[in-house]
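Below: the structure, in structure tokens.
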């Protein structure tokens, strides 16, 4: 069990990184990877929401959707509504509990609703029949993988500020190509985790 | 009194005489040693591959700069070094056109799109190599035995797949299958020492890289000498992990880089799907380099608040 | 009050409408989806059991076994699913087995995510056909009695190992030479 | 004329993939073969168009405060419909797309058009805009998938195009190829239109 | 044990040209130009008018501010101009121009002080101030200001900077050989003025004869000690010297006295000795005239205010075509565009480089080789600072401690891409200071 959890987490961070090999969360990846501070802030906020979503998705799937046979047609609707409300809730709670934290992460929260990693994690949990702990591991791993991708890209992009990148490639283009090279490098981890 | 026109520039008024091209050509000279080993063991094809990748790299650089209307800087020797390094990382039997693709990918994707020398986040030669590795896996993993020219496996894959070890002398002198410039540990070490001695390479990265691999091998119950001598580790540690552009600036940063690369190499070699992990490890640490630089800003002289 | 009422009413109407549309779509598509899934399963079963024209599902000791029958209802062999861990993740297989002859009758890859152009070649018949008629007593070791795809030893090994492991379990229920 | 402008806008000027660079996850993920590109494009166009029309029709009824939840429900409903129908009638395509069909629900293009356009204009203009955006998305990802399929597998829509001696560039149908092709195409678009995005 | 600091470089020293040449008295100049601001701090105000007759040692500029030092006539003669003139620091500086009458008459006020034993610390400091003594190492900080330690600072160490790490320059070296007792006399005066009981003299190990010479003089003195330093540039940088000798680090933005240290140049000590012994203010100094573009390199005792060209001509004039004439050494010296500017109190050397020795480079992109990082004695990241300057990112430059740069030039010296790093950092510094002023 511990080994399996380890594999889920390592798998989501390195072997099948959610950004570089599963192509998830690309919009925020492009949007907030230009400064390391914001990138890491966004990463942490997303990781938090992802872990909560994983728990919520697990319970909704196993105690609402599956028992009543609603899964095939209400899954998408219920997951997206849960995610949207969850993000709202988190935003409100953080604002109440710690305005300082809100100032640091608050701006990222509304963006997280449409981050497809969140929805994807919710969908992957029933797809893989994960139990609660595995679901949490998946949420955490996905978040950490996303944070790692953001941090690496932000470091490179900060250095690129000083580089003479060809005019046409400035902006998203060079970020895509760099992401491609990072994705190429992450292929080095293939086969690291025997997913059974 | 004669009217002299005096030159006024800001201080300092003397210079060490070091230049980028001198560094690059010294690296190229050091690279000649493993190149000779490759030619000795693998014959004409090795020589042809080195020439082809070097020319393609230089040509790609020139074309790119011409298209961008930038000064053409192929004489600084950096494209030559990239081309040579790429060739040394290729299997001797690789089709020539693939070598050209690798060199173009190395210079175009690895370097010029970022604005050329000094701005590339990743080691261009390694980008070329993994590009080929992922694109053309079979030819990139078909190895030639130096003795009889038949195809065979590298010592590392023999070890990983069948648990067969290779004796040290063969590994040390390079009489084994592998990329054309990575087999002869002896000449690589001599070349690397030359660069360290001349001050073109900081000892910290090779030392921490090789040290980490050796220590982890011992801890994990494998033969450290075998792992040091086999695969592209020596070539990587001395010539690729030490590429100035893509490695950290500060001393502690360099040690972190070397240790990280060693750790990743061991993880990939021992637990990963690939028998070899040097290229991927170095490239991943390249990706970490901006962050390492950020978090290892040296403490300056007197870095405390004035009383 | 008025505004809140409107908000709630609108949301409720939309939700109810949405539910209705979805339930309707589900009613329309569900039989088709079930049918598709069954068809796909049957196709793979029939493919690994030569001569079979129909499929019958049996549950035995926690295992799902697919019986292959010809038009006349004669048993032609059995099939079962096997899962191996490949280079990039799980490889799902359908294995055909004829207990009376003690031989495999076919292997079909149901799903996998191996490297295209390399590990993915396990899907090709050139690889899977070698299992046809293979004796269950064999060792199933890649590069020995199983031809490995060059450059994709891990994927090949994974398939061979998955077949062997599941086969061992199935053989406890359906020993060689026994009835089925 | 206005309708034509609305329609052409998404196809070229504000092409969601190449110019706005939104909704790119699916554009990267499913573009390993040209067929998938077209199928994904059509699925998205369907959801986008239906949602836009409905939201445009309901724009005066939905209170501003709950508009986002309403949009989400509408989009999620149509997404589920597509999901179910593809599962039923195109099972093999559905398998390839995997999770990316349900993920249309969080595709930025759909919500962005609903919020920025459909909720402000009548259903006819909303349709024109949605169709334009959908087609813009479709041609963009079809182009990406054609390049990737041709170089990565030597085929186009499943037909062998490259000669016998062609060695496929596997990297192209692997994740790095998606990012690199995407980057190069966005760069080329910048060059063609001489209007660098920044 | 030989002491040193982290970083630094080993440029070719080229001291053999002059290190064995005894100090020679320069001929009396025909005309001297005395700039009013030869020191850090407020410039003086001229107290003579055109037409006034002045004598050697007579004050011609009064220092009004605390951080300032008066200036004196270095020859006797007639004031012919009081106006802004070019000076070696660049631009124009209010100056008093005196035409020598050739008599070299001594001003009546120049009389020896009481014996040092009878002077109070404040009297010593006042004498130093009135003699116009400033640091002779180059920067020219008024010495009396340095010695005025606020009571809350606990100064326990005096260091005499005799490292002389600048290539080519041998003025201090000759001074240590020829007048070691003056250096020690001046040092003891400083110790008395500040009440400090312990002092060190830092000398690089490439001057063993100077070490011997000083050791002979201080034999038996327990409170003075020679510290042998490694030969490395910038060993004579104030902060580097303090680190090497005491192991202490001057806090960023602070002064040596924050760590209980006062540093004075060997030449400054000799000047103090001269002022106390004879009453003569600072009107002459030893300067090394050297380089590939000078016929006979020499160590000259020159009058302050002598035009550079006169000094060069006393050394046989130019050899070949001069490319650069520097006031100071090759690492931190200032390139001069005109040669009738005067030598000032901080002119430790005049270096003439032959045209073929002056190399100008086109900078190429940084290859992040980190040579500048390794060379920087302050542990800065010069390459990052230069990049910030190129993009005008002053706030980032400030965060990366641009203001701590001592402008020693090591980074530019080692840069293989020939990027003028030192200059870039200077630009950043001036912008940061300007922004700070604006925000105040």
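When the chains are written out, they are named A, B, C, D and E in that same order, and each has its own residue count from 1.
Just so it is clear, a contact is a pair of C-beta atoms (placed from the backbone, for glycine too) under 8 Å apart; a residue touches a chain by one contact, two chains touch by 3 or more.
Note that the coordinates shown come from a computational prediction; the quantities given were computed from them, not determined experimentally.
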Graph separation of chain D and chain E (steps between touching chains): 2
Each chain counted as touching chain C and chain E at once: A, B
Farthest-lying chain, centroid of Cα atoms versus that of chain C: E
Top-ranked pair of chains - ranking by C-beta pairs in contact: B-E
Distance-maximising chain from chain A - centres being C-alpha averages: E
Identifier of the chain whose CA centre is least distant from the whole-structure CA centre: B
Length of the line joining the C-alpha centres of chain A and chain D, rounded to whole Å: 21
Centre-to-centre distance between chain D and chain B (centres being mean Cα positions), rounded to whole Å: 41
Distance from chain E to chain A - Cα centre to Cα centre, in angstrom: 60
Distance from chain B to chain A - Cα centre to Cα centre, in angstrom: 33
Multi-chain contact residues (two or more partners), chain B: 109, 115-116, 118-119, 131, 134, 137, 273
Multi-partner residues of chain C (each touching 2 or more other chains): 18, 22, 25-26, 30, 33, 87, 115, 117-118, 154
Residues of chain E whose C-beta touches two or more other chains: 365
Every chain pair in contact, whichever chains are involved: A-B, A-C, A-D, A-E, B-C, B-D, B-E, C-D
Chain A-touching residues of chain E, taken from the complex the two chains share: 365, 387, 390-391
Contact footprint of chain B on chain E as seen in their complex: 9, 11-12, 167, 239, 243, 249-254, 258, 309, 318, 321-326, 328, 330-339, 351, 353, 358-361, 364-371, 373-374, 377-381, 383-384, 400-401, 404, 407, 409-410, 412-418, 420, 422-423, 426
In the complex, chain A residues that touch chain D: 20-27, 30, 72-77, 80-81, 84, 113-116, 118-120, 123-124, 127, 166-181, 183-184, 187
Parts of chain D lying in touch with chain A, wherever the complex brings them together: 21-26, 28-29, 68-69, 72-73, 76-77, 79-80, 83-84, 99, 102-103, 105-108, 111, 171, 174-180, 182-184, 186-188, 190-191, 196-198
Touching residues (chain side chain B, partner chain E) in the complex: 1, 4, 6-16, 18-20, 22-23, 73, 76, 78, 115-119, 202, 244-247, 249-251, 297-307
